[in-house]
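Should a chain be cited, it is by its letter among A, B, C, D, E and F, assigned in written order, with residues numbered from 1 in that chain.
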Amino acid sequence: MKLIIAYVQPERLNAVKQALYEREIYKLSVTNALGCGQQKGYHETYRGADIEVNLLKKVRIEIAVNDSFVEPTIEGIIAGAKTGNIGDGKIFIHSLDECIRIRTGEKGNEAIG
Amino acid sequence: MKLIIAYVQPERLNAVKQALYEREIYKLSVTNALGCGQQKGYHETYRGADIEVNLLKKVRIEIAVNDSFVEPTIEGIIAGAKTGNIGDGKIFIHSLDECIRIRTGEKGNEAIG
Amino acid sequence: MKLIIAYVQPERLNAVKQALYEREIYKLSVTNALGCGQQKGYHETYRGADIEVNLLKKVRIEIAVNDSFVEPTIEGIIAGAKTGNIGDGKIFIHSLDECIRIRTGEKGNEAIG
Amino acid sequence: MRKGKISALILLLLGLSVGFAFAQETEGVDIGSKIEDLQNNLNIVWTAVAAFLVFFMQAGFAMVESGFTRAKNTVNIMMKNLMDFSIGTVVFFLIGFGLMFGATNGFFGTTHFVLAGTNVAGKDWNWTFLIFQTVFAGTSATIVSGAMAERTKFSGYLVYSLFICALIYPVFGSWAWGSLLDGAGWLENIGFTDFAGSTVVHSIGGWLALAGAIVLGPRIGKYTPDGKARAIPGHNIALAALGVFILWFGWFGFNPGSTTVGDGDIGRIAVTTNLAAAAGAIASMFTSWIMSKKPDGSMALNGALAGLVAITAGCANVSPLGSLAIGFLAGILVVFSVYFFDRTLKVDDPVGAVSVHGVCGAFGTLAVGLFATEGGLFYGGGFKLFGIQAVGVLSAFVWAFGLGLTLFFVIKKTIGLRVSAEEELRGLDIGEHGMEAYSGFQIFTTQ
Amino acid sequence: MRKGKISALILLLLGLSVGFAFAQETEGVDIGSKIEDLQNNLNIVWTAVAAFLVFFMQAGFAMVESGFTRAKNTVNIMMKNLMDFSIGTVVFFLIGFGLMFGATNGFFGTTHFVLAGTNVAGKDWNWTFLIFQTVFAGTSATIVSGAMAERTKFSGYLVYSLFICALIYPVFGSWAWGSLLDGAGWLENIGFTDFAGSTVVHSIGGWLALAGAIVLGPRIGKYTPDGKARAIPGHNIALAALGVFILWFGWFGFNPGSTTVGDGDIGRIAVTTNLAAAAGAIASMFTSWIMSKKPDGSMALNGALAGLVAITAGCANVSPLGSLAIGFLAGILVVFSVYFFDRTLKVDDPVGAVSVHGVCGAFGTLAVGLFATEGGLFYGGGFKLFGIQAVGVLSAFVWAFGLGLTLFFVIKKTIGLRVSAEEELRGLDIGEHGMEAYSGFQIFTTQ
Amino acid sequence: MRKGKISALILLLLGLSVGFAFAQETEGVDIGSKIEDLQNNLNIVWTAVAAFLVFFMQAGFAMVESGFTRAKNTVNIMMKNLMDFSIGTVVFFLIGFGLMFGATNGFFGTTHFVLAGTNVAGKDWNWTFLIFQTVFAGTSATIVSGAMAERTKFSGYLVYSLFICALIYPVFGSWAWGSLLDGAGWLENIGFTDFAGSTVVHSIGGWLALAGAIVLGPRIGKYTPDGKARAIPGHNIALAALGVFILWFGWFGFNPGSTTVGDGDIGRIAVTTNLAAAAGAIASMFTSWIMSKKPDGSMALNGALAGLVAITAGCANVSPLGSLAIGFLAGILVVFSVYFFDRTLKVDDPVGAVSVHGVCGAFGTLAVGLFATEGGLFYGGGFKLFGIQAVGVLSAFVWAFGLGLTLFFVIKKTIGLRVSAEEELRGLDIGEHGMEAYSGFQIFTTQ
C-alpha cells in the first residue's frame, strides 16, 4: 500500500477528481495548503507598503492506494492537474504500513478502497 | 516510531481526543480536511442550479507514537470515532524515521511523547 | 529522499522560511493545523460557561528533500522556530519513495528541488 | 342726508367691521386648522421615520443572532428573521392590527381588520400608525428566533411566527395600548405604564422565547452528561457587534418614536434611551470582568441591549439620572440572568434573548414604579404604581409563557419543532436550506 | 364742530378699519406664506431624510452582490459599488441632472447643468431635489455591477458607470419624470405612471445589466461543456441578508420619499411597500421550496427585493391588497425568471439583478395598469392605462438594452471588458486591486 | 339723542374695532408663536434624526477599524468602540456638556452639568441639543481607537476614553462652538469657521490618535529590522467597505444636521458633502493607481472618508464646485499622508486615522479660508479668514496632541498602555477578552 500526496493548483481539483474517477479511484482526502515552489509568488502593495506573497494557494490531495493502483493514480493526477505552467505541482509517494476502516475494523488492502 | 493518520467525522473529534487521553496519548495534531469516500455526499440546488457536494467535511488527525503505543492509539481512535455508519473514516499508518523536539533538540523516542 | 513534517508556532513561520532560504531550501508546503502537546492550552469563559481550549493554533510545514538536505532542513527549522518555550513544536521525518513534478513528469531527485 | 350719510357710513363701517369679523373668524379657523395639519404632517414624518428605524432593527436582530451562533446555522437564522417579519407583516395587517387597535369587545379589538374603513387612497393617520405598529409586532416576533436558534425546524418556526403576530402579541397589546387608536384595554385603564413596550413588545417576545427554548431542549453538546454548561461560542462577533449598533440606532425610533408626535419630547427620550444603553454596556462589561476575570465582549453587547430594553417602558417618565440607574441595574441583571438560565435552569438560549428581553423587560417595567418622576416610589409616589406595573408584568408572563408553551407543544406534536440530531450536527443550513452561508471558507464544525 | 367731530371720528374709525383691513391682509398673506414655508421646510426635511435612506441602499447593493459571489472577488465588488456611486455623483451633478430636469428640447433637458442658476448659498428646493435625484441615479448605476460580477475589468466598468449617470439614465428619466422640475417628457405626457421608478430606475439598470452580462459571457465554470448550468454559491449569505435588510430599509426612502411631500401619503406608501416586500419574500420562499425541495435562502432574499422593485411603480396608486398581490406575483416571477436566464438563456447573472430589477421592474410597471385603484384594469379602468404602461416598459427596454449592448461592445473592443482567464481564476481582488478581502482566512478557491 | 345714538354707534364701532384690534393682536401673536413652535418642532425632529444618523457612525467606525486590522483583534476593536461611546455618553452628560456649552468663564463652561436647570420632564431644546452633541463627542472619541488598534491594553483605553469626552474634546469645543448654547469661545469670537467640525471633532480625534500611536509604538512586525514598512493587511474588506458606506450615510446627519434647523440649507449641505466624498474616493483611487500600479481598495475607502472629513468645516460655506475641489484634494492628500506617516515618520496607524481625521481635518478647515464663497481667498476675501483658520487648526493641534502625549504617557507609566508581546502575537481577543471573533474559522495567524 502506498500513500500518495499531491499538491496541485486549486482550480485543477475538479479535473483531478474527474480523472481519478475515470481510473476508478474514488477515495481521497483534500486539505487547503499554501505552497512555495518555482512559482515565485507576487509582489503587491497594500496602502503603499510592500507585501510579498510567496505562499501561494494550493490544494493538498492525499490518496491511499493498493500498489496496483499507484500508476493509475499518478496518471490521473497528472492528467487532471497538468497545464504545463510553473506551479502545476508535485506528487510524493511513500509506503504505507497499514490501513484500517474505522466502521468495520477491516484492515489492509480491503480497507483501502 | 509510527505516524498514524486518521480521517474522522468532525463531530467525533472530541470523543476521539477523550478516548486517546484515557489511553495516555496526549499529543496530536489536527487539520481541517475534505473527504471523498463511500459516503456519497449529497445533491443540493442553489438558485435552481444543481450542486453536487461530494467532498464532505472531515478532520485529519496526525499522531506520532512509539511502537508500543500504536495499538492503544488505533483502539482509541476507533473507540471515539466509530458510529457504525458510512463515513466513519479511516486510519493510515506508516513508519517514522525520526522525531525531533524543537525546543530541546531531543530525538527519537524521547521526543515523541 | 525524505519527507520532513514540522509543526511550529504560527508566528515563527516567517523566521523558519527565512532560515531555510539561507540554507537554500526554497520549496515547502504549509497547512493550518491545531495541536495538542505539552503546551496545555488555556481556560476561558464565554458567557459564564467554561471553555477549554486545548487545541492550539499551529502551522504544519511539509518539505520533501534529497537526503543531503535533511540536516540543513532540520537545522533551519530549529533555527527559525526555537524560542525555548513549551509549544515550539516537533519535527517528524520519514522516507519518501518517489517524487514527481507534474509539469514535466520528472521523477526522483530531479523533481524534488 | 347728513344723517343718512353718517348712518350709511356707520353702516358701511359696521358692515366692514362685521365683514372683517367674519373674515377674521374664518381666516382664524382656517389658519388654526392649517397649523394643526402642519403639526399633523410633522407627526407623520417623524412617526414614519421612526418606524423605518424600528424596521431596521430586524437587521440588527439577524446580525446579533447569527453572530452569537455557529456558522453552520447562519442561513437558517437569516431566513427565520426574514420570514418572521414577512409573515408577521401580512398577518398583522390582516388580523393583528384590528385585534389590537380596533373598537374593543373588552378583551380585544374587533374592527380595522385589513385597515377596513380607511380611505384606500387617502392620507389618513391610520396608515402611518399601521406601519409603525407593524414594525413593533415584527420586533416582538423576531426576539424568539435567537433563543430557539440552531435546532428548530424551519416549518415549525413559520407556524409560530404566524401566531405571534396574528394573535399573541396583538391581544396583549390591546390590553395595554388599545386606546392609542380606537381600542381600550384593562391594563391601561388601571394605569399600567409601558411607554414604548418593555413588556408589551420585549417581555412578550422574551417569555415566548423561554417557552420555545424549554419545549425544544438544549442543543446537542450544550451540557455535559453530568449537567455542566458548556460554551458554544458564536461564530462572528463582528456581525454581533454590528447588530447591536444597528439595534441601538433603531431604538432611537423605538422609544422617541413612540410619542408619535414631532416635538421636544423626542430629544428628552433620546437622551434617557442613550444613557440607559451606555450604562447597561458599562455595567455588563464590569460585571463580567469581575465574574470571569476578563471583560466578555458578548456580555457587554448584551448589556447595551439590556439597558435599552429596560428603559423602554419608562423612557418618557424617568429623569436622566433615573435612566442611568435603570440601565446600570439592567446591565448587571442581564449577566446574572444569563448565568441563571444557562447554568441553574439549564435552559439553552444561545443569544440570551430570554434574559435581555424577558427579564430586563420585566425589570424595566417594574422600574417605572420606582423611578417615574411622577408616581414612582423613589419620588414619593408610594407603592401604587409599582403594584400596577407588577400586575402588567405578571399578566404578560402568564399570557405569553402560557400560550407559548401550548403553541410550541402543539407544533412539536404535529409538524415537529426540532430537526434530527444528524441535521443539527451537520448544520441547519444544509439540512433545511441546502446551502452553506460561507461557501469556500474552511470552518471547523467539530462543535 | 360736531359734524367735524363726528366725521373725524368716523374717519378715524374708517382709518382704523382700513388700517386693520390692511394689517389683516398683510398679516394674512404673511401667515399664509409662513405656513407654506413651513410645509416647504417639512418637505425638505422629509425629502432629505428619504434621500439619505436611498443613499444607504448603496451599502445594501454592495453587501448583496458581494455576499452572492465568491470571496476572491469581494474587494472588486466593493470598489465597483463605491466608484459607480462616486463617479455617478459627479457626472450627474455636471451633466445628468440638467439632461433630466432642465427645460426640455423635447428629447432631453438643456438647462440646470452644474445646478446653474441656483443660488449658490441659498436654501432653494433645487438642492434637496438634486441630492434626492443623485441617489436615484446612483441606484440605477449600481444594479449593473451585480450581473457583471466576478469577471469584469475594473477600468471598463468605470467607463460604463460614467455613461449611465451622465446619459443613459437621465435621458430616459427626462421622458418620464422631467416635469418634476422644469422638464417635460413624452412618456409622462401620455400618462405613463411610474411613481418611484420600477422602470425609470430599476428596469433601466436591469436591462443594462442584461446587456453587460451578455457581452461579457458567463464566468469560467458556470456552464458544463454540454451547457448545463452549475451552481457557484455565494461566499457570505450573512452579508447578503444584511444587504437585503438594508435595501428594504432604504426603500422606505425610495418609495414614500418620492412624494417629496411631508404628509400622510408617506404612511400609506410605506404600508404598500412593506406589504409587497413581505409578500415577495414569502412567495419566493415557497416557490423555491416547491421547485427544489428546500426553501432556498438566496431566493427568499431575492423575493423580498422582487416585491420591492415591483411595487415601486404603483406604490402610491394601488390598495394594500393590490400591493400584496403585486409582491406575491413578483416573488413567484423572480424564481422562474432566474431559472430562465440561468438555465434556458444561459445568461450568467450571479446575483439575479436582471430578474429582480429588469423583469420585476417591468412587471411592476405593467401591474399599475392592472391594480391602480384609478384607471387599473381590475378596477374597471379598461386597458388604456395598461397599454400606456406597456409603451413605457418597452421603450425602457429598447433604450437601455440597445444602448447597453452598444456601450459594452465598444468598451470590449477598446479598453477591454473582461479580465484574463488566469486573473478570473485567481480572483479579481488580487488581479485588479492587489489585495485580498479576507486576509488570513483559509478559503478554498477550487471554484 | 341723535348725537347719543351716533355716539353710541360710534362707540360701539370703536369698541368693536378695538375689540378686533385686540383679538387681532392676540390672535396674531398666538399664530406667530404657534408657527415658531412648529418650526421649532421641525428643527427638533430634524436635529434628532441627524443625531441618530451620527450615532450610527459608531457602527461605521467599528466596521472600518476592524476590517482594516487582523481577525485576532476584532472582539477587542468592537469592545473599544462600544465602550468609548458608552463611557463618553455618560461623562459627556455629567461633565463635558457643561464644560462645552455652559456659561463660560472665558476658558470653558461652568453650568449645565448633568443638564442642571433643564426641566426634567419638559420638551426643552436642550434635550435634543444634548443628544446631538453627545454623538459628536462620541465620534471624536472613537477616531482614536483605529490608530491604536491591535496592541493597546483595554483598561488603558478605557481611561483615555473617559478623558477625551469629559475634558479634551469639550474644552476645545467650547472655544469654537460654545455660543451654540450659552457659552462663548475665543476662537469663534475671532471668526473661526468650522461648521460641522473638521477641526473640532475630527482633527481633535486625529491628533489624539497620533499621540496615542506614537506613545504606543508600532505593532510587532510592522517594520523590518532595517526600518522598512511592512504591510499588515486588514482581515475583512467587506466589513471595512460597509463601514465606509455607514459613515457616509451618517455624515448626512453630521454635516446637514449641524444646521439644527429644518430648512433648505439641509439639501445644499447634503450636496456639498456628497460631492466631496465622491471626489475624495475618485482622487484616492487614481492616486493609489498611479503610485502603486493598482487601484487600492483600502485607499479608495479612505479617500471617501478624507473627502467627508475635509468638507465638514466648509460644507455650508463653499459652492458645489468648491466642495468638489476640496474633496478631490483631500483624496490625493490622504494617500500621501498615509505614506508619509507609515514610511517616513514610521508611525504605525493601522487604519489611517491620523491621515484621514487629523490631516484632512486640518486641510479642510484651512480650505474654508480658500474656498468660502464669503471671505475665502479664491473669492476675493484675502488672507484674513485663512489666517484665522490657521490659528484654529494650530490651536487644535497644540491642545490635542499636547494633552494626548501627556495623557497616554501617564497611562503608560501607571496602568500600562500596551499588552505583552505574547498577547499581541496571539491576539488581543483571547488575551483581553478570552474569546475569538471568528470561532470555528480557520485563520492563519502567522502575522
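In this text, a residue touches a chain if its C-beta (ideal position, glycine included) is under 8 Å from a C-beta of that chain, and two chains touch if they have at least 3 such contacts.
Note that this is a predicted model, so its numbers are computed, not measured.
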Taking touch as defined above, what minimum step count separates chain B and chain F? 2
What's the overlap between the neighbours of chain A and those of chain C? B, F
Same or different for chain A and chain B, when you check if over half of the residue numbers at their contact belong to both copies? different
Tell me which of B-E and C-F has more C-beta pairs in contact. B-E
Rounded to a whole Å, what is the gap between the Cα centroids of chain B and chain C? 18
Between the Cα centroids of chain B and chain D the separation in whole angstrom comes to 48
Let me have the rounded angstrom distance from the C-alpha centre of chain C over to the C-alpha centre of chain E, please. 54
Taking each chain's centre as its mean C-alpha position, how far apart are chain E and chain F in Å? 30
Check: chain A positions touching at least 2 other chains come out as 31-32, 34, 44-46, 94-95
Interface hub residues of chain F, defined as touching at least two other chains: 6, 10, 13, 17, 20, 24, 31, 35, 38, 42, 45, 49, 233, 236, 242, 292-294, 296, 298, 434-435, 438, 441-445, 447
Quick check of your reading of the touch definition: is the inter-chain graph here a line, ring, star, complete or other? other
Taking the top-of-page definition of touch, could you list the pairs of chains it picks out? A-B, A-C, A-E, A-F, B-C, B-D, B-E, C-D, C-F, D-E, D-F, E-F
Residues of chain F defined as touching chain E within the complex: 3, 6, 10, 13-14, 17, 20-21, 24, 28, 31-32, 35, 38-39, 42, 45-46, 49, 53, 70-71, 233-238, 241-242, 244-246, 248-249, 252-253, 256, 262-268, 270-271, 274-275, 277-279, 281-282, 285, 292-298, 300-301, 304, 319-321, 324, 373-374, 438, 441-445, 447
Which positions of chain F touch chain C when the two form their complex? 425, 430, 434-435, 442-447
Residues on chain C engaged by chain B in the complex (per definition of touch): 2, 5-8, 31-38, 55, 58, 60, 74, 77-78, 81-95
In the complex, chain C residues that touch chain D: 32, 44-51
Could you please specify the touching residues of chain B with respect to chain D in the complex? 10-11, 13-14, 32, 42, 44-46, 57, 59
